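The same subunit A turns up in both complexes below, where it pairs with subunit B and then with subunit C.
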Partner chain A sequence: MGMQNAKDSFYVALRGRLAAINPERTVLLRAVVRPGIVVEEAEAPFAQLPPDVFVLRWLGLGYDPDLPSALVAEEAEIVYSTLGTQSFGGLDRGRALTEMDRELVAMLTPLQTPKLNYTATPAAAMLTNVFWDEPVFGSVVALRDRLTRSVRVVVYSYEESGE
Partner chain B sequence: MATGLYAAPAPVVRRVRGYFAPVNRAGGVPVIFDAAAEGAFAVDAPPAPWVSLGWIEGFQRTAGSRVAPVLTGVPAGVQEQVRETVEAQVSLRFGSWTKLTMALATGSQHMNLLVPGAGAGLSADGGTAAAASVIQSGSTSTLVLLSSADAAKFTAGQMVAVDVDYAGQLGFVGSPVSAAYVRAGITDVDYVRRVTFNVSRVASVATTGLPGLTLAEPLPGGAPVTGMKVQPLAGFVDREGGSFFQEWSGLFLLEGGQGERAFFHYPRLQAVGSAEEMRSALDEKRGGKLERVMLAGAFRALPVTDGLDGERVVCYRSYLPGPGSLI
Partner chain C sequence: MSDTASRNPNGAAQMLADALLRTVAGAEATLKVTGSNPGTDQSQLGLVATTFAEVVVSPVVLRRLKPDWNEGGQSKWELLVSATGVQQAVDVFDVDSAKSLFAMTMAVTVAGQDYLIESIAANEAVGSVYLYRLLLREAGGEAV
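Up next is the complex of A and B:
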């Protein structure tokens, strides 16, 4: 079952869109500054979620082979938290979270992206698009001065020849 | 399977986009849609004269055509089939209340509530209106030039209607859409502006320099022609009853996740029911009393004769496959 290209394409699309929406939202990982969205399963385990960064997790999986091209669905969870800014003493953490909510909605729109094979250099365009449903926003969880929200999106793709 | 191609499953779509265009009632000419030439248009910018109504909900097509058997022999068997009737209906819900969606959803004339003049009596479809202002030459679809005195009568944010006086003409009236059919003389000089679709909202007013009204959106009828006047309006009104049927060409687009497009083109649609609204809870999961009130439209497709082969048809369904998909 081929889903890796779809997962890679979804992540890279969101990363590129975030860089355009808010170039200031970055994360320093292994001495490299990158757009502020990471795939949890592709990084070293976090002791605690990094604040002000979108963390993408892959959860459930579905597969429908009874179609001309098999349909694969995987549930993505995007988790993000913030403590606000030091200069405001964290009193702006609500506004900071709202800003991240807004950025996430913008990153997910349009609700599709071309599927590419990122094992090749340069990435090779494939035949179909990866598409997803509207995000489902969870409630904000407040733990002391940290606000955290989880958003779930079901990502779909058609399995292509060779996947 | 050939490389570079894949077997595409049925389209997965999110919602349906609706577009309408006015039928030339005087000439009996509907609006044509050619999917081969026009099918790749951006969803927010349809080719003229189609007007986008945005996303619609509850789109439902019902085929009403009846096929009857021709029986012959003993015992009777089906020799062949014939089409007894050619019919189709479309129903949907509009996502907003605008001049056009209200007019489409209502079964008859859709009128503008002209701001009444001083001392005007009450009337269910608007009393005697305040005097109209003469439009100066050089006006465009977004700039209505007036005298300074006339411009001062308007304020930013007002809605306005632009059209000619009613001067006794019979037949279809209204710009750019045939908004009503006058069978016998009417005494109201503002009647055409009561029914016209040529409406817009004023963005700003200038009383000096180049006095006039800058409109927030272009007039549907384009630049005003000589003889047109402008009046402010308060809102819209339509009626249950009447003898007039609106007629429009309808185009509905289903765009799949793989870039495929299915079009349903109805050259002639007339409302099959009266104005209705449908309510849907704003948040079904949590309950609460907030409801969204949506305009419901139901239309009957009328036939046209296809110039290609002379067949009578009511609807065209076009399909543009997504790139790389096997057909």
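Up next is the complex of A and C:
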């Protein structure tokens, strides 16, 4: 059962869309400035979630073999938090979170992207698409001056030969 | 009200901290600092290992903090690091501050055990840091 290509394609699609939606949202990680979305399991563990960055983590897994092509589903959680901006003394943190909500909806639209194999260089296109449900937004968690929201999306992919 | 007393920095606090650290243990720690990252898709997807550079800082003292009894919880440790040792590492990597150096540090190795940095605090005297205190957590071998 292979879901890695779908996971990789989902992340790269969101990262590319974010760079177009808000080029200012970047993160400096491992000496490189890149769009402000990271795969949690592919980075060093965070002592605390970086603010103003989308953190993608993978949760549940489902598998339906009773189809012409086996369907694999994995639940993605996208967590993001903000403290607002220093120039506003953090009083704009609600507005900053709303802006991240908007960006996330735009990143997830359309609800599909081509599946690519990133173990090849350059990435090799596969035969099917990766597609996903509408996002389910969790409640805002306020911890002192930090607002955090978690959004869940179920990502689907048909298993291709060799996966 | 600001402190306007005339006290010129003379490095006494740094020398005293170094002497105390050497007296009680005088160990050394190795910082695993992330190297240049190609920034490719593969490196962001966990397909390419990031490169490390290692730098030794000393003197340091590692002490275990009061254990708590959460099931499955990990021990926490405090690493007391000489500010002069850290400054030498800052110069080696040509970064602008100790904060940047610690931000690029993916693990700290002491006596063969890897630790992850949870938080960093600095003790200052007369406007200059003489001791860094790193709150650490034990890392599994796979974490780094």
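The criterion applied here is as follows: the second predicted complex is superposed on the first by the 163 of 163 C-alpha atoms of A that agree within 3 Å, B and C clash if a C-alpha of one lies under 4 Å from a C-alpha of the other, contacts with A are read in each partner's own complex, and residues count from 1 in each chain.
The rule is simple: contacts are C-beta pairs under 8 Å (C-beta built on N, C-alpha and C of every residue); 3 or more make two chains touch, one makes a residue touch a chain.
Quick caveat: nothing in here was measured; it's all calculated off a predicted structure.
S.K.: Sharing subunit A, do subunit B and subunit C clash or fit in the superposition?
M.R.: After superposition on subunit A, subunit B vs subunit C: fit, no clash.
S.K.: Let me test your reading of the model: by the given contact rule, A:Leu14 touches which partner, first (subunit B), second (subunit C), both or neither?
M.R.: neither
S.K.: First (subunit B), second (subunit C), both or neither: which does A:Thr128 touch?
M.R.: The first partner, subunit B, only.
S.K.: Is A:Pro68 in contact with subunit B, with subunit C, with both, or with neither (first, second, both, neither)?
M.R.: Touch partner of A:Pro68: subunit B, not subunit C.
S.K.: Contact-wise, after the overlay, does A:Arg30 reach subunit B, subunit C, both or neither (first, second, both, neither)?
M.R.: A:Arg30 sits against subunit C, while subunit B stays out of touch.
S.K.: Angle at subunit A, subunit B to subunit C, CA centres, as a multiple of 10°?
M.R.: Result: 160 degrees, to the nearest ten.
S.K.: With both structures superposed, pick whichever of subunit B and subunit C touches the larger number of subunit A residues.
M.R.: C
S.K.: So in the superposed three-chain picture, is A:Tyr118 touching just subunit B, just subunit C, both, or none of them (first/second/both/neither)?
M.R.: A:Tyr118 sits against subunit C, while subunit B stays out of touch.
S.K.: Taking the superposition as given, does A:Pro45 touch the first partner, subunit B, the second, subunit C, both, or neither?
M.R.: second
S.K.: Touch check for A:Ser161: first (subunit B), second (subunit C), both, or neither?
M.R.: The answer is first: A:Ser161 touches subunit B but not subunit C.
S.K.: Compute the least Cα distance separating subunit B from subunit C in the superposition and give it as a whole number of Å.
M.R.: Superposed model gives a least subunit B-subunit C C-alpha distance of 24 Å.
S.K.: Along subunit A, where are the residues that touch subunit C in the complex?
M.R.: Per the touch definition, subunit A meets subunit C at residues 8, 11-12, 15, 29-32, 34, 38-39, 41-42, 44-45, 47, 118-119, 121, 123.
S.K.: Going by the contact rule at the top, pick out the subunit C residues touching subunit A in the complex.
M.R.: So the residues of subunit C touching subunit A come out as 34-39, 41-47, 50, 104, 106-107, 116-119, 143-144.
S.K.: Spell out the part of subunit B that touches subunit A in their complex, as residue ranges.
M.R.: For subunit B paired with subunit A, touching residues are 1, 3-9, 12, 14, 257-259, 322-325.
S.K.: Under the definition above, what is the set of subunit A residues touching subunit B in their complex?
M.R.: Residues in contact with subunit B: 67-69, 71, 111-112, 127-129, 131, 156, 158, 160-161.
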